[in-house]
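Chain nomenclature is as follows: A, B, C and D, assigned in order of appearance, with residue numbering initiated at 1 for each chain independently.
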Amino acid sequence: MSDTRYGRAITRALNDAMEADPSVIVMGEDIGAVGGPFGVTRGLQKSFGSERVRDTSISEAAIVGAAVGAAMTGLKPVVEIMFMDFTTFTMDALVNQAAKAHFMFGGQVSVPMVLRTPHGGGINAGPQHSQCLEAWFAHVPGLKLVCPSNPADAYGLMRAAIDDPNPVIFVENKAMYGTPGKLADDPEPVEIGKARRARAGSDVTLVAYGAMVAEAIAAAEVLSAEGVEAEVLDLRSLQPWDKDQVLASLSETHRMVIVHEAGVEFGIGAEIAAHVADAGFDELDAPVLRVGAPHMPVPFSRELEAEYRPNANKIADAVRRVMQ
Amino acid sequence: MSDTRYGRAITRALNDAMEADPSVIVMGEDIGAVGGPFGVTRGLQKSFGSERVRDTSISEAAIVGAAVGAAMTGLKPVVEIMFMDFTTFTMDALVNQAAKAHFMFGGQVSVPMVLRTPHGGGINAGPQHSQCLEAWFAHVPGLKLVCPSNPADAYGLMRAAIDDPNPVIFVENKAMYGTPGKLADDPEPVEIGKARRARAGSDVTLVAYGAMVAEAIAAAEVLSAEGVEAEVLDLRSLQPWDKDQVLASLSETHRMVIVHEAGVEFGIGAEIAAHVADAGFDELDAPVLRVGAPHMPVPFSRELEAEYRPNANKIADAVRRVMQ
Amino acid sequence: MRISGEVMTKKRNDKSDTDLLGLYRKMRVIREAETALSGLFANNEIPGFIHLSLGQEAVAAGVCDALRDGDTLASNHRGHGHALAQGVSLDQFFLELFGKDGGICRGRGGSMHIADMSVGMLGANGIVGGGLPIALGSALAHSIKKSDQVAVVFFGDGALGEGAVHEVMNLAALWNLPLLMVCENNGWSEFSRSSDQIRAEIGDLAKAFSIPFERVDGTKVRDVRSMTADLCDRLRTGQGPAILECLTVRWHGHYEGDPQKYRAEGDQETATSTDCVALERDSLIGDGFDAATLDALDAEVKAEVEAVVIAARNGASPSFATALGDVHRNTIGSHHV
Amino acid sequence: MRISGEVMTKKRNDKSDTDLLGLYRKMRVIREAETALSGLFANNEIPGFIHLSLGQEAVAAGVCDALRDGDTLASNHRGHGHALAQGVSLDQFFLELFGKDGGICRGRGGSMHIADMSVGMLGANGIVGGGLPIALGSALAHSIKKSDQVAVVFFGDGALGEGAVHEVMNLAALWNLPLLMVCENNGWSEFSRSSDQIRAEIGDLAKAFSIPFERVDGTKVRDVRSMTADLCDRLRTGQGPAILECLTVRWHGHYEGDPQKYRAEGDQETATSTDCVALERDSLIGDGFDAATLDALDAEVKAEVEAVVIAARNGASPSFATALGDVHRNTIGSHHV
């Protein structure tokens, strides 16, 4: 066990994967010498050279498209898109090419690539540098989608994403890069598709991912003092997501609140709530609530952004509603 | 009243809007002399000239971005994107520019533009020419989103979309262009955000839009013979959508099935089901079901595509499940 | 890595007799296959829509004939010729177009998505310009693996409207990749003259990016072939990318069924008056091949296509359950092509 | 239509005294404002991140000074200078950077999203290359309305990596639009030399698209101004788009706080040794302006900025409820800017 941080754990995963497999390459804007604006690829170019740790022009569409072609030709590219907001340029490559190639070509080929990108607010980066757009990717058959909430999972999910023969969108939370945590000396991959019970509880199930896991736990601590024990599930994977564990928890608690930083409307939580309203209907003792951002662009100013983002207070309030 | 078709009703709406307002222009690939591959803009260039009915290069990103700038400078552009699958190229212009400008610039400016595009299968156009991607746009604050199910609504929603000061995504169904229907001699706009009761019924509410409205009605007829009366709501608008009417119907029927051609997972129906599982929870007597496409790319072959698409049979089956 | 495998004809750079006949045969196969498809489509036997490359056969045949095993190829919506010339088997090709389980994509892709990893064919593409970034990445893989393989991409003159195409030119040049970009300039972008859509000549763009550029008469299959071979020789020795423009003619509509009202009086007649297959046949006669040999070859190809069509028409339909289970590649198993 | 309104200084094409002082004043305002911002940012008073254009003031001032009321402008992430030179009020500018309700965007946008429709400023942009399609559309609107207005867009040398930029060049040329594309070539694309990212010279691209191209020394404000004026004269008479490349220097890091370890020894010193504001001051002295006049102007600008900063710092915070109610423009009401 050693101390690490969310961002450094990803760096280490990239490093270990590149060491283990010469077909792993890393590409992106300014990811080489500088290691990207958030420093996640820092040191890699020094270790693995500028062929395998490759700086690109500001050409998101071509870079992600190139990753598709490189993956089809035997490499395992990991592409950094500097802010998730810029994945707008990569939709064709991801959706029409990467996601469909395996199916559309009759299973002949796979596209083992990873797209890493940070989402989320908290640093007043404004409306074009703070979005959480993961719901788009969850809707696209052929893509996998993960979002770690802590350094150990960040490491383990990255190793699993690189090992996966399918295209994986790896969503990082930019406000969490400095978040500390422990990492095993010889850390293992984390299976894609499995949730993690972050806190045990019997009265209500909180389903969260990314930065909201910590907020959900904080809310649970507050609620505990009020006599309500919340179970917190960290989804970790969003596509596929762990329906079994979510339903199993519901069948213990009979109440559910779903939390994410992304907008509530047509967000990830909608699918989870909808699934629960079908497969879990008989277990439900209260409305399924969702806590997330309101339907508005991410505002810039400190006050506006603080009020915009979901947090432990809003989660606790939602739980109080379902406990009534 | 006169006879028309889905596609021709849109043509007429474009024509009438261009006649009424010289700031309305139409742009797209091959939309001029030929009227686009589906003929929706046929005749417009003859009437309004090649300045206002403007053929473009194959440059979806720049065209939609140009619509944003043109809208900011006083025009009302209507852009055709030939297949919804190609909106992948327009995401930056739509999401980072059009959707946010009004909010992000403090309310100074609006972006009165319409993006028209056909979604859906039924013509064996294969995985890159058949997708229903509307859930992406519903998730983006600042965009409006509509999808008509018949010629009269196609006309009325197009007029409303062009009149709207905000960017509107106008989703057409390519298998429906030839669908016949009536149009008033002096047809009115249809208010964005209002659903339409397409069939009255008291036992279960079917919520649908686009091509699935007709399938839902067909299912309702079959069910009627079995003694189950289904109310069919045609959403028409997906963002904003008519929560009030959906909940009002639920409070009569206490059962709901949501239907769309798009993939079920993380689709439009997820939000509706999730909202119902919250605000409508106390009215629910049965699980909320969704009928839509499975989580796979749209396959090419006739048999595969036919099995892939939702239809009246699958809807009726779902209703039978909730009636148990 | 499975990128390698059989090809329709041996690929050689010399111009021996078999080689010339093999080259001609490629064109013939495309011509017969697409002529058959035109009829089948009109007869409502082919689902979806198809874009035929009739008139353009010499580009596909000439380029692909100059490639080697292990080279990779990305194509576009008008990709039948590219696929067949690259060695996709005729029966799997037709089975796919009919939407059958035995099709090269198991009936899931159709005309716009023919791919065959066993011959390095990374896929036709329904997205204009979509093949270029893929080919760029494939060239990057060749380069990182220090192989002397090349990646080739076909695209149309209309594709220059797409920004990603320009991004690819820049990156191919910047990274000095073994990427051959073949522009099939047939003068058309769907229903419009490409000159009404694109203000730049591709040669001038190539120059701006310092990419070596050649233009050939794309109806002369030998010129296409030898120019491709020359350019690939350069690419294989690490001299960076190249752009090849092939001037060619589109005989049919943009897609089958296109009434082509936009086409000026006589334009189509002018186009079809240039027949690259007939031209090469004449050259072969001039080279001393006798007409009987060529007639026999033509007849053989025709018979083969007819037989394949009959078999494909009666192929088994794909299973939905199998398709549904194939959205992802299973995590356990090979990670590479 | 509200695109029109007050501008900071009267815009004229002649070079009268007030005009030269006005031009100089624009640079001074940018210099003082950004110098103040640099300190405020280091002091953690400015939320988010900011990209300063210190060293590049002459481009913004020179270009915008040549524009007329009703012209439109789209900018990029390094857009403070463009906004101020175009006439966004200094107090609304600072209020926005502090995230206050009185800000030009009511605190919702910040540094990368300054827009002011009253001066035709269609917005800075957090998306590299994002301004170009918008400016293209604005030029299209000018053209369709048969006005003689022009649309101008600023972008950096690194933006040539984005495909949409090339799409815009093509369409501007194809449609012969009054679009002036101003490339601020500071040699950098974030932490990299642009020459490590872009293989083409913008002048060569312009040539490929047959777009008139000029390159000026972007540290000479008068050259920038007069070249812009000349190009705009052509644009206003329907002669189509133009591209202007301004060679300039980036004094600070990519964003404030950037440690710039990637910058070679002495590179920053070389950059800051070219001071476009000081250069123009020298020119004015050479023209016969006395130092006292200029000192007074400098002091006045400095004092103004200081006063504005103090006021902005204490501005009222925006209301969340108001923001939430402003996601859409209400359907009832004006549909135009």
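In the analysis below, a residue touches a chain if its C-beta (ideal position, glycine included) is under 8 Å from a C-beta of that chain, and two chains touch if they have at least 3 such contacts.
If you want to know which protein each chain is, UniProt gives these names: A, B = Alpha-ketoacid dehydrogenase subunit beta.
What you see is a predicted model; the values in this text were computed from it and never measured.
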| item | value |
| --- | --- |
| Label of the chain whose CA centroid is most distant from the centroid of subunit D | C |
| Pair joined by the larger number of C-beta contacts - A-D, B-D | B-D |
| Averaged-CA centre spacing for the pair subunit D and subunit A, given as whole angstrom | 36 |
| Distance between the centres, which are taken as Cα means, of subunit C and subunit A, whole angstrom | 39 |
| Rounded Å distance between subunit A and subunit B, as computed from the means of their C-alpha atoms | 30 |
| Of all residues in subunit C, the ones touching two or more other chains | 105, 107-109, 113, 125-127, 160-164, 167, 170, 174, 196-198, 323, 327 |
| Subunit B residues counted as touching two or more neighbouring chains | 56-57, 59, 61-62, 85-86, 89, 92, 96, 103-104, 126-128, 141-142, 295-297, 299 |
| Subunit C - residues contacting subunit A, complex | 1, 3, 72, 74, 103-109, 113, 115-117, 122-123, 125-127, 130, 132-142, 144-145, 151, 163-164, 167-168, 170-171, 174-175, 323, 326-331, 333-337 |
| In the complex with subunit C, residue positions of subunit D that touch it | 160-167, 170, 173-174, 196-201, 204-205, 207-210 |
| Complex contact set, residues of subunit A against subunit D | 29-30, 33-34, 37, 55-62, 85-86, 89, 123-129, 294-297, 299-304, 307-308 |
| Subunit A residues touching subunit B - in the complex, by the definition given at the top | 85-86, 88-89, 91-92, 95-96, 99-100, 103-104, 126-128, 131, 133, 135-136, 138-139, 141-142, 239, 263, 265-274, 276-279, 281-282, 284, 286-290, 295-297, 299 |
| Subunit B to subunit D touching residues, read off their complex | 23, 25, 51-52, 54, 56-57, 59, 61-77, 92-93, 96-97, 101-110, 112, 141-142, 144, 163-166, 192 |
